[in-house]
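So that you can tell them apart, the chains are marked A, B, C and D in the order they are listed, and the count of residues begins at 1 in each.
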Amino acid sequence: MEALTPEDAAGQENFDRIIAKDSRVEPKDWMPEAYRRSLVRQISQHAHSEIIGMQPEANWITRAPSLKRKSILMAKVQDEAGHGLYLYSAAETLGTTRDEMMDALVAGKARYSSIFNYPTVTWADMGAIGWMVDGAAICNQVPLCRASYGPYGRAMVRVCKEESFHQRQGFEILLELANGTPAQRAMAQDAVNRWYAPSLMMFGPPDDDSPNSKQSMAWNIKRFSNDELRSRFVGMLAEQVKVLGLTLPDDEIRFNEDTKKWEHGPLDWEEFKEVLAGRGPCNAQRLERRRSAHADGAWVREAAAAYAAKQAAKQSSTNAQKAAA
Amino acid sequence: GGDVADYALRLGDDALILAQRLGHWISRAPELEEDVALGNIALDQLGHARSFLTYAGSAWGKSEDELAYFRHEPEFRSAHLFEQPNGDFAATIARQFIAANYQFPLYRELSKSTDPMLAAIAAKAVKEVDYHLDHSTQWVLRLAGGTEESRRRMEAGLALMWPFVGELFEDDPLIAKVGDAGVVPSSLKEEFDRSTGAVLAEAELDVSGHPMATGGGRLGRHSEYLGFILAEMQVLAREFPGAGW
Amino acid sequence: MEALTPEDAAGQENFDRIIAKDSRVEPKDWMPEAYRRSLVRQISQHAHSEIIGMQPEANWITRAPSLKRKSILMAKVQDEAGHGLYLYSAAETLGTTRDEMMDALVAGKARYSSIFNYPTVTWADMGAIGWMVDGAAICNQVPLCRASYGPYGRAMVRVCKEESFHQRQGFEILLELANGTPAQRAMAQDAVNRWYAPSLMMFGPPDDDSPNSKQSMAWNIKRFSNDELRSRFVGMLAEQVKVLGLTLPDDEIRFNEDTKKWEHGPLDWEEFKEVLAGRGPCNAQRLERRRSAHADGAWVREAAAAYAAKQAAKQSSTNAQKAAA
Amino acid sequence: GGDVADYALRLGDDALILAQRLGHWISRAPELEEDVALGNIALDQLGHARSFLTYAGSAWGKSEDELAYFRHEPEFRSAHLFEQPNGDFAATIARQFIAANYQFPLYRELSKSTDPMLAAIAAKAVKEVDYHLDHSTQWVLRLAGGTEESRRRMEAGLALMWPFVGELFEDDPLIAKVGDAGVVPSSLKEEFDRSTGAVLAEAELDVSGHPMATGGGRLGRHSEYLGFILAEMQVLAREFPGAGW
C-alpha cells in the first residue's frame, strides 16, 4: 500500500468519521478510490438495469389488453427511463459520464440485473414482473435509501416511491388474471412459476459466496446480507400468494421459528451463472436492442449537439455586438 | 347524440392510434430524455383517446375497451397521418409536428363546444398538446439546423408525412350535423399553415412540393398500416374472448 | 426532319417491310428512334408495374387466412418479380440497362400502373385484384403477345400464361368469400365495389383522349384501342359476377345490340388524373417502399459485385499461371 | 401415434415460422433475383410445414389450418432460431445458413425413418433444402468476401443468430420415445459443425466466441418474437371465427 499524502490522510479521516456516524458522503468530499469505484460500478449497474429492464415490459405496451392497463404499463416503463436518468446523474457526481457508462453497456462490458435476460412471453409476465421482480428490487433498494453516498441514497428515495406503485400494479394484474377465466388463471400461475426462482436470485449469490458484500456493508452502502434480504422477500411472497389464490413453485418454503426467518428450497445457481455469463434466453437480444437504439440515435444526438453549439455561437456573437455597441 | 358520438370517435381514434405508434418508441429512443418525452406524449394521447372513446361509447352502451379492442378496421375513424409508421426519429417528429399543429387549435376551439363533455375533455387536452407543440417545434429546428444528415432526414421525414395533412382539414356531412358541438376542420387550416409556416421558415424547410394523398379514414378507408396496428393491439382481446383484464 | 443516311434509309425500308408483313422486329434490326423510345417507355413501365404491383399483395402474405392461400399468394407475388425480370431483360435488348430503369423508378421519374396506388385493406382485395386487376391486365396483354418487337412479344407470352392462373385464383378467393359468412360476403362486395372503376381505368383514357395510341397501333405494338379493350373487359366482368352472386357498382352496364359491344357508366377521370399526378392514397408509400428496399439493398449488390470481381481476378491469375507453366 | 405427431409438429412449426419470416422479404429484397430466391425458399418451407402439420394433425383430427391458426403461443414447438427477426440481409442469410445446415442432414436421415409418411415428406424436402444450403453458402462467401461493410454485417448477422444453434441439437424425452421414426438431434451436430466449419473457414469467419442462448421452444417457451409473429399470422382467423377461406 502506498503512503498517503497529508491531504489524503485528512480525507480518509473525515471519510471514516462520516461512515462511523452513519452520515452522508457528498460528491465534494474526499473518498477512497475503492469506495468511488465500487459505487460507480453499483450505481451504473443499477442504472443499466433500469434501461435494459424497460425492454421486457415495453414488449407488451402495444399489446396491453385494456386501455387502462396500457396506460399504466406505459407510465411504468417511462418511470424506468426516469430512474435510469436519476441514477446516471448520481453516478456522474462520481466523475464518470453517462456516455462512458452507456458505451460500456453497449460494448457488453457492463453488467445489468440478470433477471432481464428472461423473456416476457405472456401478459401475465407484466403481473409477475411487477409483483416479484419489482418486489425483490424494493427489498433490495429500501435499505439503499440510507446508503452512505448522498446522491445515491437520495436517488433511491425517489426510485423506491415509484417502485412500490409498480409492485402494487403488478399484483393487481395477477389478481385480475387469477380471478379470470381458466386460461387466464393458468397464464398467471405459469408466470409465477417462471419468475419465482429468478426473482429470488436477484439478491445475488448466497452469503458464503458473495465476496464484495462485506466491504459494501462496512462502507454503509449495503445494509443487509443477500440471504437476509432473500429470506424477507420469500416471506412476503408466501403471504401475498395466498391472496392471489396461486401457489409458489417451491414446496420447502417455511418460517423457521428458531431463527425467525423464512426459508426456501434450493436454487439452481448453475443456471444463474449461465445467464450471468451471457447464456440466458435473451442476453443477445437485450444487448442488441440497446446497441441498435443507441446507434440509430447517434445522428440525433449529434444534431442536437451541433445545433446547441451553433445557437451558443450565435448568442455570444450577439452579446459581443451588444457589448461593442 | 349519435352524431356527437361519431365525432368524438374520430378524435378518440386519432389519439389512440398515435399513442399506439408512439408507445413503440419507449425503450428505443435516441436518448433517455426522449424515452421520457415520447412516453409522456404517448400517455397524453392515450388519455385523450380514453376520454373521447368513453364519451362516444356512452351513446352506444359500449366501454372504451369494447371500442378499442372489438371493432373491425373499417369501423375505425382515424386519419391516415396517425397511422403512418414511426420511421426514423425525424419522421416521427414530422408526424408530431403536423399532429400537434392540428390538435392544438382543434382542442382550443373545441373547448368552446356547446357539448359540455367535449368542451371539458378538450380544455384539459389543449394544455398537454401545448407541450407536444413545443417539443416537436424544438426538434424540427434542431434537426433542420443540426448536421447535414439530420437536415436531410428532417426533409425526408416531412416528405413522408406531409401528404397526409390534407385529410385533416376536410369537412364532411358529419361536421355539419354536429354544428357548434364540433369544430369545422377547414376553419383551422389557415392557422395551421401560419403556425407550421413560421417554424418551417425559421428552419428554412420547404414543404410546398409535396402532393396531397387521398384520405378516407373518416369513412373507414384506411392506410395499409392500420391492419397491422390493430392485429397487434387487439391480439389478446381476440385470443381470449370474454376475458377481463 | 433530317435527311436519312443511306444505312438508315435501308433500315427504315426493312423495318417498314417487317411491320407491313406483321412480322417481328429483333434487337439487331434497325428501328426508328421513336419506336425504340416508345417501346422502352412501355416495357419499362410494364416492368415497374410488376415490381410496384408486388407491394399491395405482399401486404397480405403474412396474414393470409389459410396456409393454402398463403402459399398461392406467395407464389403469385414471386411470379410478379419474375415478370419484372423478363420485362427488364426485354427492355435491356433496346439498350437501356436495368439499373437505369430502376434509378428512374426510385427517382419518381418513371410511371407504373396507377392501380397500384390504391391500398389493399382487406383480404378480399386479394380476390378483387386477381379477378379484376389481373383480368384487365390479361385483356391488355394477350394482344401484346403479338407485339411487333420480338423480345417483348415473347416475354408477354410467358407473362400471360401465369396471369391467367392468377386471375382464376383471385376469382376463387372471391367465390369462397361470397359463399361464406355474412361478414365475408360483405367484405367481398366491398372489395369489388372499390376495385371496379380503377380496374376499368387501367385501359387508359378514352380513345378520343389518348394521343399515343394511334402510333402504337401503326407500329403493331398495340392492337386494339383503349375503349375496345375496356368494353371487352366489362363484358367479362358482367358475366362472371353472376357466378359470384355479387354485383358491380355500375347500373349502366349493358350489351349494345347495335354495336355488339358492352357499355358501362361514366368513369371519374378526374380521380384517375389525380392519382396519376401523385395524389392517390398510396403513391408516396409505394415509391418510398421501393426506394428504401433499393437503398437498403445497395450494400448487398455492391458486395456481390466486389466478390465477383475478386473471383474473376483470381481466376484470370490462375489461368495466366497455367498458361505460363 | 401421438409421439410421432408431436415430433412432426416440431418440424412443421420450425418450417412454418421460417416461411412466415421469409415471406416478409418478398417485395423488399436487395435485388429482384433475391425476391425470387427468398420467395422460393419461403414457399418450400411453407410446403414442408403443410406436409408435417397435416400429418401431425391427422393424429388428432385437426387440419393444418386448425394447427396453424388456432393454437396459442405455448402450444407452438418451433425453435428460437426460426423466430428471430429478419434483420438486414446478412442476418437473414446467417439464419438461413444455420437452418439449411441443420435441416439438410436432418431430412436426409429422416428420409430413412421407420415412419413411412415422415420418410416420404423428408425425402422430398431434402432435395429442396439442398438448394437452400447452396443459396446461403454462396451468400455467406459473397458477403464475407465482398466489401468491408458486407463483411462487418455478415459477422454481425452471425453474432445475432449463432446463439440459437445450441437448441437445435438438444435431445429430450420425446426424441427417445419416437425412436427410429425420428432423428436424434445431437447425432447431427458433428456434421453441422463440419459443414458450417468448412464454409466459415473459407470465408475466414469465426463464430467460436458466441455464447449459446437457452432454448425452450420444444417445450413451448418461446422468444419474445413469436407472439408478434402469431398476432399477425392468426389475425383473420381470430377476427372472423368460424369462417372458411
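The rule is short, and it goes like this: a contact is a pair of C-beta atoms (placed from the backbone, for glycine too) under 8 Å apart; a residue touches a chain by one contact, two chains touch by 3 or more.
What you are looking at is a predicted structure, and each value in this text was computed from that prediction instead of being measured.
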Option reproducing the contacts of B-C, where over half of them reappear, out of A-B, C-D or A-D: A-D
Intercentroid distance (Cα basis), subunit B paired with subunit A, Å: 34
Multi-chain contact sites of subunit B, meaning residues that touch two or more partners: 227, 231-232, 235
Two or more partner chains touched - positions in subunit A: 63, 183
Touch-based graph of the chains, sorted into line, ring, star, complete or other: other
Pairs of chains found to touch, sorted by chain label: A-B, A-D, B-C, B-D, C-D
Residue numbers on subunit D that touch subunit C, as the complex places them: 16, 19-20, 23-24, 26-36, 39-40, 42-43, 46-47, 49-50, 53, 64-65, 68-69, 88-89, 141-143, 145-147, 149-150, 153, 232-233, 235-237, 240, 242-245
Residues of subunit C touching subunit D in the complex: 51, 54-55, 58, 61-71, 74-75, 77-78, 81-82, 84-85, 88, 123, 173, 176-177, 180-181, 183-184, 289, 293, 296-307, 310
Subunit C-facing residues of subunit B, complex: 73-74, 80, 159-160, 163, 211-216, 221-224, 226-227, 231
Touch list for subunit D against partner subunit B, complex: 72, 227-228, 230-232, 234-235, 238-239
Contact footprint of subunit D on subunit A as seen in their complex: 56, 59, 63, 119-122, 183, 190, 274-275, 277-285, 288
